[in-house]
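Look at the two complexes coming up: chain A is in both, with chain B in one and chain C in the other.
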Partner chain A sequence: MSEPLAPQHGKPPGDLAQAPPTTVASRLAAWQKAGGIVVPILTAVLAFLIGGLLVLATGHNPFQAYWDIINGAGLNWLAHPTNTDVANTAAYNFSQTLLQTTPLILTGLAVAFAFRCGMFNIGGNGQYLVGLYCANWVGISFVNMTRPAHVLLGVAAAAAAGAIWAGIAGFLKATTGAHEVITTIMLNWVAYWIGNYIFQQGGPLQGATNKPLNIPISGDVAQSARIPVFWGDADLQGLHIGFFFAILCLVLFWLILSRTTLGYEVRAVGYNPDAAAYGGIRVRVNYVRAMAISGAFAGLAGGIDMLGYLYHYGTTDVQAASIGFLGIAVALLGRNTAVGVGLAAFLFGGLLYGTTHGLQSGTIDPSLAGHLTEMIQGLVVLFVGADVLILAVWNSRRKIRRRQPTAQQQQQTAEAAS
Partner chain B sequence: MSTYVGTLRRSRLYDSSTVGMVGIIIGVVACIVAIPPVTARSLVWPVLLGIVAMLFGIVAVSRGAGRVGWGAIAAGILGGGLAALAMRSSVSNLDQVFTASLIASMLVFATPLTFGALGGMFSERSGVVNIGLEGMMLMGAFWGIWGADKTGSWVWGVLIAMLSGALLALVHAFFAIHLRADQIVGGVAVNFLALGITGYFFVQLYHGNNVPTGVSQIPDVKLTSERSNSFFAESFGHLNLMIWIAILFVPLSYVVLFKTPIGLRIRACGEHPRAADTVGINVYLVRYGSVILSGILAAMGGAYLTVGYLNTFNENVTAGRGFIALAAMIFGNWRPFGAFGAALLFGFSTALAFRLPVYSSNAATLFQALPYVLTLIAVAGVIGRTVPPAADGRPYKKQ
Partner chain C sequence: MRGVTKRFPGVVANDHVDLDLRKGEVHALLGENGAGKSTLMNILYGLYRPDEGEIRLNGKPVSFGSAKDAIDRGIGMVHQHFMLIPVMTVAENIVLEIEPRKAGVLLDYDKAVERVREISTQYGLAVNPTAKVENISVGQQQRVEILKALYRGAEILILDEPTAVLTPQEAGELFSIIKSLQEGGTSIIFISHKLNEVLEIADRITVLRRGKMIDTVPREGATEEGLAKMMVGREVLLRVEKRPPQTGDVLLEVRELNVEDDRGLPAVRDVSFAIRAGEIVGLAGVEGNGQSELIEAITGLRRPASGEIAVAGRVVQHATARKMLDVGVGHIPEDRQRRGLVLEFSIAENIALHDYNKPPASRLGWLFPRRLVQRARGLIREFDIRGGGPQTAGGALSGGNQQKVVAAREVARDPKVLVAAQPTRGLDVGAIEYLHRRLVEERDEGRAILLVSLELDEVLSLSDRILVMYEGRIVGEHAGDVTEEEIGLEMLGARRKEPSPA
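Let's turn to the complex of A and B:
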């Protein structure tokens, strides 16, 4: 009885690799079956473990280092510290962690949405950047607008810019078959150099006051374009209501994918483009549309960051931007689901802030810890990518569980026979 | 009858694509007339030529050769625009930009790209996509300078760089080949890992400061005397040893890949691994070997960057050169000479971008995006059709 049903519970890894059109999404379908939340947690634990071993090998205390990172991310605020100084610092750190989580949710959603359509959008960083440039331009330019309209215009422009930027990759894939991984990588670098161009000395977006000082930084966005802050001081990077906007996008992501025709088509193309085409779904249109929506999420992240707390941007910021790349790890760890992306974004947001800014004690050098984040990020992506390994682990667990009842049954039949 | 129809259609297509190609050439000419040695000083010529190029393109598009036609239109706009930019500067400035040493600096910038592109080519020809070139190059860059610093010899530095690149490539190969993980995801992971590892150890070993000066450096090959300032001397007179090695590796890779049994095996694994397995080729072994070789080559490119050229290291020193190498490989259609040509083109555009500030710093920065735009155009299939190996990116399962 169990044998004919077995493929439904998860194909053995061998069959998976043999299926000729192995799109990313069809692999993903296997992951989803391979085991809910256990595997991502295992992946993250393994990555932290290896990172900890490296910390140990280079002569630091890994437990203390991780504890510092947890405190640096402000997670101790959740435990309601009694000391008011500690509580204030923790509260500030926690708000900063959420501030980092906000764009990570959106760039994670960007990668996840494209994944669901069978595409790998590595261009989150470029889309984030063009969104940011547009929001900066809108925020500086239309100074006579009132607050909600100005903010909405800036955010919409950012989303549109991201959508167009990713749409180029989708369009090229749909019309010429150019692989989206290559085109999005190239578009990342084009966005990178555009950023270096517009903010540099004499660039079109360089701030008027910065020009005589030879500082390659843009002007500040107008007060009317700034997203209201609800937790903390706006001058000290308080948490802005863009955070709720990101949460809303998580819901929107789930709604689009599971409750609309558009989402159904996107998922159908992702599972098997040939079958989708046979079923009358316009595959090419879906490629462009899915990429555009994906890019809109990433562009939105840039816009919200710019109008929420950055207010200005410079060439060095462009060169250091990596939020879009972190989105890949967020989406993969979150298994491209709305809830998963939210949780993974929180994890990486905490890591990002906890290692770079919040780190207090001298156990581990903050810049060292910052690179630890990059390594953990790499390890997470590496392990998540190895779905066959995960499937093998998961299936062996299932086999053990399945074997036990059959053994009992055999005993029972043996007893019955005797 | 059917052959007749076939030839008729083919000749019509051939005509319209020829029209498009002529349009592209005119677009390029539109740009060339504005720079030395022609140095046209009137806006009329480039604009006119640009418009003619676009017209050719439109004709080609309307007659069915879409890709080439759009390419001609793009070439017309780009050529006319660049010429208009060049027009705004004085002739003496332009002469300063287009000098003989431009060739030398083109080779300097093209060398890491050549190493990376050749490495990527071996990996992808065997059927393993290598997005991780950037990471492998970065590993070579850091461990190369570390090795040269600790051992006091650049030879050991390069060897240690090669080892580090091979190790990172081994990780990629293990996940891609044995675990059959998605190769693009694996490559992205390798890039993150390299960024983390090199950054971590740079802080750990050098406290994030600059590597001490006076680290043993890869020597230059002196073909002419120091004082000679002929065209040849300025271009090729004292190039770094690694540049010559890179140039040497191009025909070598060609011979290995296309004229030896090993190359045949590599290509067989990339085109049809099942068939290769059937005739007794160990697909796993060949793929492991190719990916590790790609890591070694990419790391050599990185080592040249730090031990040969900069003589120091800073975080993420490769700054996307691995991705340009990847682009060069695609642009060159997965072939050694094609990849080298693309690397030279990209190196030239970088070298030019470094000199353009003489008259326009703004345009110079934008110019650095040119390799990526060109690659976008190339993968879209305007300049010929890029054809990856058939089994590129497909994991193979032994039966």
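Let's turn to the complex of A and C:
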């Protein structure tokens, strides 16, 4: 035909768009909706399946392993409401799962927000770390403040630090065109080495009592800076109200994107920067702003972790930190939507806590168990990257069902190519 | 082709279509976008397999599994978008895949050049075999495509909208090529939605509408009106009816404007003109002569190197896209999919693209989606946008309806100046008729309209005045009653020349 209709997602060939309107539009909507729910579930199931095969390859029972993880994550608490020892352990495990879920929601939102503006923020980990450093410094420094003020100041400083850190990448993209993937990775390293410096022996944030003992760990944040714990004991790493703050951020994320002009601009730029510019939207400003908001989410995650349960941090912690990276998998699996990120964060939170300690049956090699989360995380990223592949599998399944027994293979390939 | 049927999910693209092609005949395939012309030809060319029906070649049923099968049986196709490799020479492109070889693996380039010369003279299609494809004109590239098909032994040649990319002069040359091929016994299927061309070149004409074959008629006795009615299914007004313009104040004035392109080279040179309220000024020119950059400067999307733009008598300083919108410039962009619409956005969101940040769409940064939907509903009715409601994604609409969304948005803002760049590119007769009528209506409302189009027909039929642009300069200005030939020559800088690599 006479115009190069760009093929849309799952749309039948472009020159057929004049079909009966209701069917095409509704089919498209239904298809996207179905793909929107089915693909992430398929992704997760596939990742777990392959993870299970790996467990099997080590000579263990994968069902036992996953059952242990479920129990370790405290999900059995939901089935044991009575006050028994099992229930107590389960309740504690479940609170720990939610504690892990909290920063994952925020780092997931960080990646998702940048994504909606057409950028890939890989720097969640660096933004998380700088937020955490700032919160630690604020928590140690302003000891005479009242508790709500001190907590809020610490959290706000963390969010601001994250926003600036990611904003640098946004600024570089807007002014020089430097790709955000490269710059955020570099900024991760800068944050990493800053952490190694400030907490090391003689570093500016090393705790006063740790100095004579040559321990590269910061001091504890003041009591006034600690986020109140509402479930469990603060000394035993109970669940703090930052959890609700993360849930609030999920709602905020949705509100910003769908109910504000800022969100409208972000989405317009993310989908089509040329059309956005034509619409009068300042694309560069949006790059900087969206990155800053994205970084604020990640910085907030660091601040809430520091003031919620970590209280102090050391060089070895810096080296082991991976919450920000896990946020990428969370956002990808959650398809960059608020609900999706919430569910994916819970899944990874459960995996994270369920594998680190909870394999009670002892049948699984502890080191294998610990790496299971990382493997599943990697597989999720891999499969989400292969989104198209999974969609193709999903579609061909439908095609095969419809296929006439006489139809030939070539027809399928011709159709697939069209 | 007998009873050919092809179904896609949700739509029957070809519904029992019959088509017969005689030896040495030019057979035009006419239909609107989405009528199923391309699908039918892709079946003939082996890219699709029909769900029903059969193809007979010289009386024998054939079945093509791929384009290669079709090529082997003497069917060639020249796609609308050329499939040439720009950095390779003409000869290399033509012999590609069946090249003469040295020692079994190496390309025998001299022999390739020689063979291309042979068929070039045999069919009377002059090309320079050793020129690189990227350095030759579009018309010549098309010849290379035709030679490529002939080199592969094509006896049936399918030309998909071949004139869409050509100037009137080049189209004339193409038609004489087609005539000489025809005399040599080649059968040609000529796909088009331009009625005048079809009547000029075709022996017989088959009309498709919504996947169904309407009729096959001989050229003798066929009229543009009759064919248009068959295509669209109702009476169509082909001539734009308009009264003489009632001009008012100057609304857009451009003074000594210079604009650079993306590479920093001058694209618009010392351009000055003015448009009054109530007139349509057409800007004619071959693609790439600075029209795009001029439009971008007027709409604030590109900063001019020097010169002034005044809207309604006031010079706009430091123009940004937002500023030009605010002073009353509306813009129907030349590429609705890349720039005019956010395809993932709903119709309602697309309509809000310029004023999402002002009441009533929003207040203090808070968006009111329901108001957007409401407004979209009204405009969908007013502009007769079909294929979905306010919540339908822009990308799910057909080209004509997408363009109506863009037009609705621009007109609804009540702009003083409306820049319409290629407003009907790729649209079908029905949608073109609508948009043309609408542009004239907007003119009569007292807007100043700048119409930029590569379709000379369109410029001539709509404009009250015509400017011709060549290599960044305005090289001619005419009243509305100028002929196509006069403008055609000016568009080429008064003489034919190869585009310089500037």
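Operating definition for what follows: the second predicted complex is superposed on the first by the 356 of 418 C-alpha atoms of A that agree within 3 Å, B and C clash if a C-alpha of one lies under 4 Å from a C-alpha of the other, contacts with A are read in each partner's own complex, and residues count from 1 in each chain.
Here is the rule we go by: contacts are C-beta pairs under 8 Å (C-beta built on N, C-alpha and C of every residue); 3 or more make two chains touch, one makes a residue touch a chain.
All figures in this text were calculated on a predicted structure; none of them were measured in a lab.
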Classify the contacts of A:Gln223 with the two partner chains as first (chain B alone), second (chain C alone), both, or neither.
neither
Partner chain in contact with A:Asn88 - chain B first, chain C second, else both or neither
neither
Scan A:Gly280 for contacts with chain B and chain C and give back first, second, both or neither.
second
A:Trp189 in the overlay: touching chain B, chain C, both, or neither? Say first, second, both or neither.
first
For A:Gly378, using the defined touch cut-off, is the partner it touches chain B, chain C, both, or neither? Pick first, second, both or neither.
first
When the two structures are overlaid on chain A, which partner does A:Ala268 contact: first (chain B), second (chain C), both, or neither?
second
Which of chain B and chain C A:Gly203 touches, first, second, both or neither
first
Determine, under the contact definition given at the top, whether A:Val181 touches first (chain B), second (chain C), both, or neither.
first
With the two structures laid over each other on chain A, which partner does A:Thr260 touch: chain B (first), chain C (second), both, or neither?
second
So chain A touches chain B in one structure and chain C in the other; where do those two contact lists coincide?
13, 17-18, 24, 27
For the chain A and chain C complex, residues of the former touching the latter:
1-6, 8-9, 11-13, 15-21, 23-25, 27-29, 258-265, 267-268, 271-272, 274-280, 282, 408, 410-411, 414-415, 417-418
Quick check on the complex: what are the chain B residues that touch chain A?
67, 131, 171, 175, 179-182, 184-186, 188-197, 199-201, 203-204, 208, 320, 323-324, 326-327, 330, 361-362, 365-366, 368-369, 372-373, 375-376, 379-381, 394-397
Touching residues of chain C toward chain A in the complex: what are they?
8-11, 13, 32-34, 36-39, 42, 47-49, 65-66, 80-81, 161, 164, 193, 210, 299, 301, 320-322, 325, 331, 333, 337-345, 349, 352-354, 356-357, 362, 365-367, 369, 386-388, 392-393, 395-399, 425-427
In the complex, chain A residues that touch chain B
13-14, 17-18, 22, 24, 27, 54, 58, 120, 122, 168, 172, 175-179, 181-183, 185-187, 189-190, 192-194, 196-197, 200-203, 325, 328-329, 332, 365, 367-368, 370-382, 384-389
